[in-house]
Amino acid sequence: MAPYPGLLAPLRLGLAALCRRPLRQGRELSTPATPGTSLDLRGIFPPLATPFTARGEVDYGRLEENLHRYARIPFRGFVVQGSTGECPYLTPQERLAVLSCVRQALPPDRLLLAGTGCESTQGTIAMSLSVAEAGADAALVVTPCYYRGSMTSAALIHHYTQVADASPVPVVLYSVPANTGLELPLQAVLTLSQHPNIVGLKDSGGDITRLGLIVHKTRMEDFQALVGSAGFLMAGYAVGACGGICALANILGAPLCELERLCHEGRWQEARDLQLRLIEPNAAVTQKLGIPALKQAMEWFGYHGGSCRAPLRPLNEAEVQELRRDFSANGWL
Amino acid sequence: MAPYPGLLAPLRLGLAALCRRPLRQGRELSTPATPGTSLDLRGIFPPLATPFTARGEVDYGRLEENLHRYARIPFRGFVVQGSTGECPYLTPQERLAVLSCVRQALPPDRLLLAGTGCESTQGTIAMSLSVAEAGADAALVVTPCYYRGSMTSAALIHHYTQVADASPVPVVLYSVPANTGLELPLQAVLTLSQHPNIVGLKDSGGDITRLGLIVHKTRMEDFQALVGSAGFLMAGYAVGACGGICALANILGAPLCELERLCHEGRWQEARDLQLRLIEPNAAVTQKLGIPALKQAMEWFGYHGGSCRAPLRPLNEAEVQELRRDFSANGWL
Amino acid sequence: MAPYPGLLAPLRLGLAALCRRPLRQGRELSTPATPGTSLDLRGIFPPLATPFTARGEVDYGRLEENLHRYARIPFRGFVVQGSTGECPYLTPQERLAVLSCVRQALPPDRLLLAGTGCESTQGTIAMSLSVAEAGADAALVVTPCYYRGSMTSAALIHHYTQVADASPVPVVLYSVPANTGLELPLQAVLTLSQHPNIVGLKDSGGDITRLGLIVHKTRMEDFQALVGSAGFLMAGYAVGACGGICALANILGAPLCELERLCHEGRWQEARDLQLRLIEPNAAVTQKLGIPALKQAMEWFGYHGGSCRAPLRPLNEAEVQELRRDFSANGWL
Amino acid sequence: MAPYPGLLAPLRLGLAALCRRPLRQGRELSTPATPGTSLDLRGIFPPLATPFTARGEVDYGRLEENLHRYARIPFRGFVVQGSTGECPYLTPQERLAVLSCVRQALPPDRLLLAGTGCESTQGTIAMSLSVAEAGADAALVVTPCYYRGSMTSAALIHHYTQVADASPVPVVLYSVPANTGLELPLQAVLTLSQHPNIVGLKDSGGDITRLGLIVHKTRMEDFQALVGSAGFLMAGYAVGACGGICALANILGAPLCELERLCHEGRWQEARDLQLRLIEPNAAVTQKLGIPALKQAMEWFGYHGGSCRAPLRPLNEAEVQELRRDFSANGWL
């Protein structure tokens, strides 16, 4: 019934060859959460950057090395194919290969969320099926946006319902207006929060009032709100978010987990002191200088960042200096 | 040197006649804060709504009655001529008469802030002089915005510096993009925070990351950040704001002061429960249904709201029902 | 019934003393158009800049000198108190004094439109009465915008209807989103076009499709569309506009009248060649560098521009060079 | 060197089987324009809608039937994979199959432009190579937009230069802010207009001043401006555009070609009368009701429209009535 059923099938062949370690037997196909089963999203998730070789190919070796370093940080899990991973610049084959590589490198107790949002409903469903098969614990589904004038609340509710009905793994909604020019309407979030296979929302918009209202209006549902940026992580915890998917966690993962702990323990003054030092570094690697800056800063902190795919451009020297200042002025370098 | 020195002088005549009680001797001229002297803004301030008679005239008697009821609530002070007061619809004479009336009705320990922002620098200075003379403790100065394309950071820094140099009372910056279409740039805020007669900022934009960064970057200055809307009051306290100027305080003043107390005492879980119940009522009387809704809800809670001046329109029946639901669904009615 | 009936009355005293020539007898009070009588707006109108002295006062002498030079250009008329005139920086007294001065300096066959839009309906009515008495042929009424969230189509229709009912001179609607952050909704324009005392619209938004649709949908009414910027004047004529109120006419009035003539005569190729050379100079003195640039360029072309009132800032040297290039690269300097 | 060289290669197999007629020998590979050779874009191009079967598959038969009817209209050519074709909802295989089908159905004198814009530069190059091989005469390249914060003028110039260097067929730039949230900056357009393999721009933004300025500033280049919407087609011709790629041409192709003819012959009054009747129907099938409305209206005019792929939703009954009114009120139904 799907108009393009065969699209992704051949992509799954030979993925194991791309990664160094053998596929763990069975996990991918046997353990995805049953739809409706709650998935505990409490904690910090880095949306993983994708390292490339000098020739512009995905560098799976360096990706694994990053993951080995991240293993020492008490992250709840990881996201592949988020905005930070340059997902729109990867081929479908690469998307699944990256996912498979990450799945193998992770301890089994870490969650793995995979971005599966495509413009079409059918494409999103197909990708959700594929990532479930490749070992993802949940699908992170960005709003379709190209025909934003037609993406009414009703259209988006229909889209996400179809996806959640079909997905073998739970669905996390994803609203990121800075990239999509579209905010998932509050009413759509509230309606979709009642779907048994929709377990949460990553909200990157930064409107803390909206985030609080979502927490308030979904309090009777099994629905978890995740902060989409380190800039308002503490404020998010204050109003009831359960965790964060934060690009900055690629660089300053330990402090973000520390911030989470301080909030949970009610040590708000210490939390504030830490949070305020994170705003400028976070802004620098997101809205101000973007992914090239994130990858540059990763290098400073011992991770493999490397270059970006075009049309993203490397930083110029002035931008590198500005980036360094945003970290050093806050005591991180 | 001022191009229109005489504009406001005649307006001051006969203000006493408008209010029931005699002008308290001397206060207006003798007690305005010396520039550079710190003014403690910690706490909640209602930006007072202006009641009108059936004929559309300012109803000073009902305004005083509201103030008598507000006296039982531990507000830090009050704002006249904020956006909520329909200030753009008042004549200069009315603006000063309202101020004078409020000043007289207030106990001396309550602060009185007066909006003085005009499009021109000279007009703003003239109004700041007038409100100081009439008893205001500080001037709340909204960004000029008609020529917003020319309102660069440099132009706004120049404007506010001129105003703060001339004002006999301390200046509080006021950024309210929903009304002005203009956000006071971060860099301008930071520069202006160093001026000895600029003591704080009311930020109504709702960007909690920006608010946190302002707190962080002005921590070495004598500068206080005030939340401009009840929707993110608790989040504002979490990142270091010192108080709030909240339209909703015209209606639910006691709960807002309670929210402040819970935040100060570190009772964040209780604070959150209260904050989340305030978001919908607040949205209803601000961005959703505006001042006509605020005045309608005031009536339900025992205050005098009354009608608005045109072009603001009364609510229709469906809007009244919607407004009521936003209060009742959160346990306030 | 008006809440502030006396506001403008005393301002009218002694206006004659400000201008060199005696008031022409009777015109001001006897000849304003009867409501419902059509007013022919076809042609080009400069929205007059306001020259100031070195001390920041309105320089009525230089204003008259500009008008004497403008008399040689076949303008249909003039606008006072438009955005270009720094109207928000003038006191009500100054606004009427400028109007009176211009009225006296003009030949009787030139129309005089006066900006009368205030935030409140009553204030707009009061100002419309005053300008009619002072000799304006029509009132140009900008949209109120401070409470833009409440400025629905219904609220704006009510506002303009009240104003048009009360105004002794015809009303021209004025939509200028770059300054107000608000576009007068199409539906409001269509409804208001049926009012007998509303004779047209100045649309500065630049959406030529909208302008065409307004022409099309009001073709059965006595309603005239005026282009609000020289950048799309020819396109406006192409879709049926009747003229333009263009800031650039303060500087390049003759070429704009020539462009009008070419369009009327169907000489579209010549019109295009001329139009295209006007876009960059126009952009420079409006959205790019604003009124300070307009006044600087006026000096180059033999008019008195002078400085602006604060918070508008003078151009720096780099901006002056950029401004000069925008004129010289198109053959005007 | 391309990171994913093999992505599209297998897709080219067996395309002939999808269409009824045999591939015309040689054309696809032998006649694409040599880079640098001018391609005459003067005229009207429909961006073809893609009919689907009831099961959601591309209906190549009905697509061909539409093309047979379109053959009677003096279009300059056609666009496949534009926004109107639901291109983001097609798989890469489908995109090429549609292109191949259209190429075969067209007389050789009609141009065929194919949308090839992907988020990544490499993906856009790969798609441009593929469409050239499949018979497209030019590549229409929409701006990448997901990381819009990083899509500076410099980044976009680099992107388009890489694509134009690599593409075997000429490149047409495509700026459509309503879909992408991004306008190709003027400076980027001017720089890119000098590239020998970039022959024009489709501008759907509707800013006629900008369009005029682009015509003016590229007059020394071999560069053609195409209007991206029927709403401002005549205004575009007035300021020097050479043609239009207009969604409405799927429905009212003959009147659009007639409008073109009237403009070319200088019959501006007749042109205006026609243009003004096209604005509402065009708005209805684009920004107001979108592609579902376009496809519905196609049915009324004898073409095959059919349903859309999800998440686009079918019109409800009220929307169908509104759509019908927008055509009938202007004399088209």
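Observations on the model:
Letters A, B, C and D mark the chains as written, and numbering starts fresh at 1 in each.
As a convention for this text, contacts are C-beta pairs under 8 Å (C-beta built on N, C-alpha and C of every residue); 3 or more make two chains touch, one makes a residue touch a chain.
Protein names from UniProt, one per chain: A, B, C, D = 4-hydroxy-2-oxoglutarate aldolase, mitochondrial.
Since the structure is predicted, the reported quantities are computational estimates derived from the model, not experimental observations.
Hopping across touching chains, the smallest step count from subunit A to subunit C is 2. With respect to subunit D, maximal separation of chain centres occurs for B (centres as means of Cα atoms). Separating the centre of subunit A from that of subunit D, both taken as means of CA atoms, is a distance of 34 Å. Subunit C and subunit D have Cα centroids separated by 40 Å. Counting partner chains per residue, subunit B has no residue touching two or more of them.
On subunit C, the positions that touch subunit B within their shared complex are 1, 3-4, 7, 52, 55-58, 83, 88-89, 91, 93-94, 119-123, 144, 146-152, 154-156, 158-159, 162, 178-181, 287, 290-292, 309-313.
Contacts from subunit A toward subunit B in the complex involve residues 206-209, 212-213, 215-216, 229, 231-232, 234-235, 238-240, 266, 268, 272, 275-277, 279-280, 283.
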